[in-house]
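The chains carry the letters A, B, C and D, assigned in the order they are written, with residues numbered from 1 in each.
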Amino acid sequence: MRSQHCYFPQEPDAPRPLTVTIPRRVRFEEIDPLGMVWHGRYVSYLEDGRVAFGDRYGLRYMKFKDEGLAAPIVKMHIDYKASLRFDEIMNIKTTLHWCDAMRLNFEYHITGQDGRLMATGYTVQLLTDMKGLVLLMPTAWIEDFRQKWKDGKLE
Amino acid sequence: MRSQHCYFPQEPDAPRPLTVTIPRRVRFEEIDPLGMVWHGRYVSYLEDGRVAFGDRYGLRYMKFKDEGLAAPIVKMHIDYKASLRFDEIMNIKTTLHWCDAMRLNFEYHITGQDGRLMATGYTVQLLTDMKGLVLLMPTAWIEDFRQKWKDGKLE
Amino acid sequence: MRSQHCYFPQEPDAPRPLTVTIPRRVRFEEIDPLGMVWHGRYVSYLEDGRVAFGDRYGLRYMKFKDEGLAAPIVKMHIDYKASLRFDEIMNIKTTLHWCDAMRLNFEYHITGQDGRLMATGYTVQLLTDMKGLVLLMPTAWIEDFRQKWKDGKLE
Amino acid sequence: MRSQHCYFPQEPDAPRPLTVTIPRRVRFEEIDPLGMVWHGRYVSYLEDGRVAFGDRYGLRYMKFKDEGLAAPIVKMHIDYKASLRFDEIMNIKTTLHWCDAMRLNFEYHITGQDGRLMATGYTVQLLTDMKGLVLLMPTAWIEDFRQKWKDGKLE
C-alpha cells in the first residue's frame, strides 16, 4: 500500500522513517451494535502498533521507565475510512517520522483483510522525566538512538 | 425486589448487611453485535456499585491507600439472567455481608428498567498491606468500622 | 472557561453553536500505571458528552435508528493538555458547530476539578442510511432540526 | 501444570475434556494504578481462550451464527491467585468439559511467565436460537460435534 498523504511532512534531508507492520485480529468485544468496530477501539490498535514498533527498535515502555523517562501522548488523530468487521485480520503499519524536537511522531495505516485502507492516524508523544517535566535535550540513550537512525543503522 | 438466594449465608447473630443502590445507564460501547450488553461489561457495573458503597460508608479507595491498605479482588462471580439493552437504566444494588475474617464479601443485584432481575453476583476482597501481605488482624480504622457496624450505627 | 481556539472556524452569519456541559467522575479502571487516565479512555468521555448533547437536543442514537439513519464517526482528534486523576470530577463541554454539509461537527472541552483545561478535541460524523450510503440531502427530521437551530429555537 | 481442582466434576465414563492453550501478552492499558492487571480484564483473557478453542474445534462465533444459534454466557466465575504484570506473557488454557445438557462448560487456567498459576475460572453458556429460546435438543451440527467427541475424533 502506498499512502500519498503524510501527517508529518519531512525535510528532504531527514533520516528515512522507520516502520513496523503487524497483523491484528478484530475481537468480538470490539464490535458495536451495528456490526462494526467501535471507533474507540482503534486507540488500542494504535497502541499495539506502537508496542510492536518499540519491541523492534528498542523503544519499550520498560526501557523508558528504567531511564527515568515517560512518553505521554499529547495529541491523537484518527481518520476512519471504512469499517473493520468481526474476526477480520487487519494490518497495522506504524511509522516513526524524524523530528528534531524531543518528541515521537508516529503515523499509522490500518488495512483490512483485502488490503483496503481502513483508517489512518497519528500520535505525538513528548519525552518527560518522571515528574512530567518535558525534556529539552536528549539523554544519552536517546541521543544514541537518534545517531543510529541518522547513520542508517536501524533499518 | 426480594432475592431469596444469598451467596453469603449468615449466622443469625451477624450484624445486618449494609446496602447501597444506584442507577446506571447502559452505554453504547457496552453493547455487543447481538444488541445486548457484552458480559464482560458487568464487571464495571459491580465496580460502580462498590464505589457508590464506599462513598456512602467511608470505604473509598483513597482511604484504603492513605491507610497503607489495598483490597484486591480474589474471587468474582456473575450469574446472568436476562440481557440489558442500550440506554436502559439499570439499578445496581450492592450489599456488604458481615464476615469475621479480614475480607470484604460484596453481593450484587442488577435490575432492569422494569424491575426485572437481570444479573446477580458477588466478589470477595482480601485486605492486604501495600506489599500484598494479607492482614490477619484489623487495623484501628477497620476495627472502628466493624464496631460501628455491630453497634448498628452505619445504617 | 473561554477557549480562544476553535477547531471549526465559522462564517459570521452561521447559527450560534449549541452546547451541553456534564460532569463525569474518573473511574478506577480508567487509570494507568502512572496514575493518570489512559489516553484511550477520553474517547468514552467524548461519547458521554455527545450522548448528553443528544439527550438535550433530540439527537439520540435511537432516534437516528428509527429514522433509518446512522452517524458514523469519520474523524476524531484529541489534544491532551494535563492529566486527569482518579476520582476527579471533570466537566465535559460538548459543542455542535453549524455545518452546511450533512455532517455533525462536535467540539469538546474537558476541564478538571479546579477548572483547568485538561483536553480538547473534535469529532466529525457523516450522516448515512443503514446501508452506509452518505446522505446528500437532509431528511425531513434533520431539515426540521436545522431550521429550528437557524431560527434560534434550540437554545 | 496439573490442577487438582475441577469446577465441573465428571462422570467416569464421560468423554475426555478438550483443551487448547494459547499465549497472551499483558497490554499496557490492562494495568491498574497498583501495577497489576485490573481484575475485569481477565474476562477478555477468558474470551481469547474460548475463541482459540473455537478456532481449533470448529466452534466459532460465525459458525454458530450461520446455524442460527447463539451461545450466551449465563455464568462466569474467576478465582484470582496472583497478579499478572505488564508485558508478562501468560498462558491461557481453555478446557471444554462434557455435559449431557445443551450447554458449554468451559474451564480456564491462566499461568504466568514462570508457570505459576495466576487465575482459574469457568463459564457456562446456554445454546439458544436467535430469539433467545434455549435449545433442548441438539441440532444436526451440534449432534455431529458431540458424536465425534464421544468417538475420540476431536483430540
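Methods note: contacts are C-beta pairs under 8 Å (C-beta built on N, C-alpha and C of every residue); 3 or more make two chains touch, one makes a residue touch a chain.
Note that the coordinates shown come from a computational prediction; the quantities given were computed from them, not determined experimentally.
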{"item": "Selected pair, greater C-beta contact count between B-D and A-B", "value": "B-D"}
{"item": "Farthest chain (mean CA position) relative to chain B", "value": "A"}
{"item": "Computed distance of Cα centres, chain C from chain B, in Å", "value": "33"}
{"item": "Intercentroid distance (Cα basis), chain D paired with chain B, Å", "value": "26"}
{"item": "Between chain B and chain A, distance of the C-alpha-averaged centres to the nearest whole Å", "value": "39"}
{"item": "Of all residues in chain C, the ones touching two or more other chains", "value": "28-29, 40, 44, 47, 86"}
{"item": "Chain D residues touching chain B - in the complex, by the definition given at the top", "value": "34, 36, 39-40, 43-44, 47, 70, 72-81, 83, 132"}
{"item": "Of chain D, residues touching chain A in the complex", "value": "27-29, 44, 47-48, 51, 60-62, 86-87"}
{"item": "Parts of chain A lying in touch with chain B, wherever the complex brings them together", "value": "28-29, 31-33, 35, 38, 40, 86"}
